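Multiple structures follow.
The two complexes that follow have subunit A in common; it is paired with subunit B in the first and with subunit C in the second.
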Partner chain A sequence: MKNRIQTARPHVNRNEKLIFEHSSPGKCGVDLPPLDVPPVSAAEALGEVYRADIEGFPEVSELEVVRHFTRLSTWNYGVDTGLYPLGSCTMKYNPRINEVVARLEGLATDHPYAPEFLAQGCLEVLHQTARCLAEITGMDAVSLQPAAGAQGELTGILMIRAWLEQQGNPRKYILIPDSAHGTNPASVTISGYQMRPLKSDAKGCIDLGELSQAMSQDVAGLMLTNPNTLGIFERQIAEISELVHSRGGLVYMDGANMNALVGVARPADFGVDVMHLNLHKTFTTPHGGGGPGSGPVAVKKFLEPYLPVPTVEKTPDGTFYLNYDRPKTIGRIRTFYGNFGMAVRALAYILANGPEGLRQTTEDAVLNANYVMARLRDVYDLPYDQPCMHECVLSDKRQAARGVRTGDIAKRLIDYGFHPYTTSFPLIVSGAMMIEPTESASKEELDEFIDALRSIAQEIEEEPSFVLEAPCSTRISRLDEAGAARKPVLTWKP
Partner chain B sequence: MSYPAEFLYTKDHEWVLVEADRATIGVTDYAQKELGDVVFVELPRVGDSVTAAQPFGVVESVKAVSDVFAPVSGSVEEVNSRLQDKPELVNSDPHGDGWLIRVRMTDPRGTEKLMAADAYETYLRETQTR
Partner chain C sequence: MRYLPNSFHTRQEMLEAAGFRAPEELFAQIPDSLKLHSNLKLPGPMSEPELVEFFQRTAARSSREFVSLLGAGAYSHYRPAAIDALLSRGEFFTAYTPYQAEIAQGTLQAMFEFQTLITQLTGMEVANASLYDGSTATAEAALMASRITRRNRLVVARTLHPEYRQVLATYVRTLGTAVEEISWSASGELNLAVLDSTVNSETAAVIVQSPNFFGIIERVQPIAEVTHRVGALLIVVITEPLSLAILKPPAEADIVCGEAQSFGVPVAFGGPYLGYLATREKFTRQMPGRLVGQTQDREGRRGFVLTLATREQHIRREKATSNICTNQSLCALAATVYLCLLGKQGLRALAEQNFSKAHDAARKLVSEGAASLPMTGAFFNEFVARAPGAAETLLAELQDQKILGGLHLYRFYPEWKDHLLICVTEKVSRSIVDQTVQGFARLAESTPGTPAMLQGRHSRGERG
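After this line comes the complex of A and B, so read on.
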């Protein structure tokens, strides 16, 4: 039958015009009530900075604005719409109970300048969250101030610097394994250190010989992620910490991968002096645009005096207060007390699960990642062949021989209805495919995901060009990423 | 693409063409393939000095941002200004028009640690089969 549709209203399967393109002259989205004060001439009041009009500003009705953004919102892919196996990001379910608790009137509406005696409940939430995180990591004290993982790193490295300065010499370098997250070198540099890369060994872990050689009297410490970005636990972590300590350095742990350890292993027990946690990863607070993030820092006793101010403390009679009187503090890291709402959600998650629940969560996350690895290793290359923790890293080595790379496979996954895995990271694996299913994925969902990746491998064998053109089921097909980066067009009308 | 015999190579996948005390430096075909589409190249200024085995520039691709390490020490005499507008030359002609910088070498003996083309190709095979 002939397709008679000539024009159609925008709907979920169609591309969406820009808000500017919906504009028609003279439309106005607001209808202000009559003035209840004497009118003032804006032109007179503002003088030469006054303008009557903004050229090209979209003129649309309120309903058109609502529909435009509502339609765009249906394009989102989130944890609430499907599996989100983006390695290193721990995209797990954010339980709705967190949101219920965060909206409780006393927690949601309290003012940060409220006097302490009226804010006891909020202070207790902060105090208890810090205590729970200290218990989970085995560390002695926690600051909830840093607003993201990278800010936590900065806070931690600044504390290492402050402590070493107190010992008489801040030293010059921080060692970072070549598998590290890109934020690590940046945090180190901003803290006034130079970073020195450590080459991983054939198993993807820290090479003790290499470390021993690098760990000179000029080195302030080691910054490591454990399990590392290959999803592999550093089995020699106790020896590693001992070596760093014996040369007068400190051990910083990037806690981005704590989803593999909670309830099973405590970083304090394997020699970590300072670390950060990502509440928006491990402790189910929202990610990204919906955030904000939260990157609490946990320290051993000897670093406690350097924590950011204020700290939340408790008097012997059980009253909570904010302590600003800390002469050795590195100072303030964030306005007020960090992203308070995230502490509320994380605490709700921790208490709802309890110790056994948290341990189960970790075990499920590790089991899921190993299941994915076991069921895909016969079709995709496994560069570091050993049991993984919460994520596994495969590579496109076999597919690359047919001209298909990790980014192409990721785009084809979109056609199968899944969010892509992390591509091309960690950098020590050529063509990396980094998959972190988290504990939230059911076996049924994992099987569908695995079937999709197996099917794509088959497509690559039979007709690689098909995969190279993916995605083909989306509103917009493959974007010219190189073109966009080389010649970015930042105006809506070229 | 073959690796020119007149070049010397580093383990970090840079090449250098030494002519008397002048050295032309670029990244290898293997490097550009691994990087993917190059979108931006950051180079030193003429007159800056570069040190062997230390980073002197940055190559940014759609996948990653990578330091480029100097195979030899010296002062920069010329930079490939075409890369400003056409970073894709690094992909299309890595051993030719995609060169990065020319330096006047301060120590011509600095090339002893570098690999000849056949040694580099062996090195690539070993790296890839790991």
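After this line comes the complex of A and C, so read on.
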């Protein structure tokens, strides 16, 4: 029989238009309460600056809005859907209670300019979160101001600069290992420094000889990630810090991989002077489809005067206050006091776990990564053969010989029901497959994931073209990214 | 621990499979001297009911029983229930950056809709998928203008939000960019004559906020003329974008950016919020932040992807247009849901209500002889009122009545000892406005020389 269905697909939610295409004049998704004052005509009062219409703006009912976004949501894959082993992103469970407490009246509703005596609860959350993070990192002081990890980097590098200026010379360069996240060099540039790449050694770690040669009087410091992006702990971190310090530089640690260390080791003991944390990675605040994040900065005592303003402090009688009187500060780096709502969630996570829970979490995260590595290394190449921390990096070396690359394997994983790992990063591994299961993955789920990757390896042996076509189970197939960039269509037009 | 899915027994099994004898061996690569040999000194663990109790206790020490006349970059508007219901869908809030487009079409299409809504409101041609907040969006816009013009001097209205100016200073200090500030005129608008004599062929951008920090609506066109005459770009910052529902968009600007917290994001003690940045099509490749573009799959079906990533740090590294990595996706989603719910009519009606309420309040304050309005320019939902005496006394008295009576401008403009910035949104009822006016009036009565003297004491607001 001829298929007569034209406008609907088997599942209604596989075929959702843009909201603008649902719009028709006269519809509205809210009813406002009646105005309780005499109306003042804006058209008359404003004259030529008055706007009579918002062209193209949608007009839809509440139900249509709810259906629209509910349908869109079903096209997403989240941590709640299943394993999300996106390396370097720490996609762990986002506890529901965090969302509840962050929405409590008094925390979600206080105005940032409310008088301090009426904002003691909010200030206490900020103060206590900062203190917990200081304890976890071993550092002396923490600012929750930075809006995300990259802004934490900017903040930290600006503090290094301010301190060096005080010593008489801000210097010119920051050293960054070639395995680093892209934000590191970008943050260095925006801080007025030039970045100098540092070649990793055969083990994927910082080469002390290389570092010694590069660490001149022109170098302000070293920016490193530990464990690094290969998931390997920099064993010589103490020596590295000592060397940098002996040449008058400072050590910045990107704390993106802190999920490998909480309760086990503290960056302050490594000789790190300043670092940032990602509350949306290690401390379970939701990634939200790409933000909001939060990137607190933690420093040693001597850098504390340079922290951004304001800092949250406590008087001897237990009153919390915002301190703006900090002559050496690098200044303000965003409005108000940072992503406060993220601090509430992170604190809820820390309190829920307590010290033993956090340590067990770290152990599970590291165990999960090592388990995956151990069970896949016979079918996928392991470029740096050693135990890993919270993530492992495999490569597509064997599969590339059959014409299938890491990005293709990732797409095929989607058909098996998993979110892919991080592809093609770190750059020092050709065809990298960066897998970070986090502690949130159960053994059952990891076993299924491992089976999937083993099965894909088999498929590549037998029928590589099949993998190159993936995904085939999704609503849409592979998208033309080159076309999107060549002729950008960035807005809907009627 | 309730968040961990593996039992003790399972862990043992996994350790063995991975070749370890004991959990401690997992950390063998960390030198012993660098390990923590005791437990962290942290509170907890707490069960869920204990957590709720803790945070409820904390939340009680707040201004939650107060009605607020505070605005100044963080606006309290009613948030329809559908917003949180939709944001709470795990597929939205537990997903990450949509790198794998085939399983992230929900986020991608919503961001595409967000970009479209922002261009419709601002009158620009392209918008990104959001930035951290209004202040960093402004700083990013300034850096973008410097890249485009290859110039290194910024001219900034002193009526730009003071915290935005502070953030801007932090961002450009190390780059050797000079920032000059321009005063305002008696109307509260930017002083055009001073602007005209300040801009020159080295000016990368003029940055002006509208409605400005004092709530005054700027006339963008003459400012654009002066700016463009010297080849600089005009950046218009909008911190209360609800105003755009009834105000002509600043189409003469080159970049429009600001804060979109007003659109369905709670004030939440200052964050998370969401910055936006919109511009002309020809500047697209100089924009910071994520962009979502429309494209097709292999069967020709419409789909969306992150695009023009060669601007961004994960590809361009030290040559990127910005170091920004995340956007404020979930907040942008909240704004998208909010704007769709209100739609064309609702948003305009809400803006008209804000306009009426703020003007009613201002009129009452003046007609009761309780305050003077030192600025003559048009405003939207926020205005400056001069108290008939000590502003601290007034604010304290209003606090006794559970009213947060506006922002004391002395905080940012030390020359203004008794000026308050008052914001009246739809959430402020008539009776609260009346109570506030009475508070002003009582102060006027108890202060010798008012109100008659007040009439002649209009501040000219002329500042250098």
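Just so we're on the same page, the second predicted complex is superposed on the first by the 412 of 494 C-alpha atoms of A that agree within 3 Å, B and C clash if a C-alpha of one lies under 4 Å from a C-alpha of the other, contacts with A are read in each partner's own complex, and residues count from 1 in each chain.
Note that in this section contacts are C-beta pairs under 8 Å (C-beta built on N, C-alpha and C of every residue); 3 or more make two chains touch, one makes a residue touch a chain.
Just so it is clear, the structure is predicted and the values come from calculations on it, not from any experiment.
Shared-chain residue A:424: touches subunit B; no touch with subunit C. With both complexes superposed, C is the one of subunit B and subunit C in contact with more subunit A residues.
Shared-chain residue A:376: touches no atom of subunit B or subunit C.
Applying the stated contact rule after C-alpha superposition, one finds that A:340 touches subunit C and leaves subunit B untouched. Looking at the shared chain after the overlay, A:481 reaches both subunit B and subunit C. By the document's definition of touching, neither partner reaches A:460: not subunit B, not subunit C. Touching of subunit A by both subunit B and subunit C, each in its own complex, is seen for residues 425, 481, 485. Residues 34, 36-37, 39-40, 60, 62-64, 87-88, 128, 130 of subunit B are the ones that touch subunit A when the two sit in their complex.
Across the complex, subunit B is touched by residues 202, 383, 405, 407, 423-425, 427, 430, 481-482, 485-486 of subunit A.
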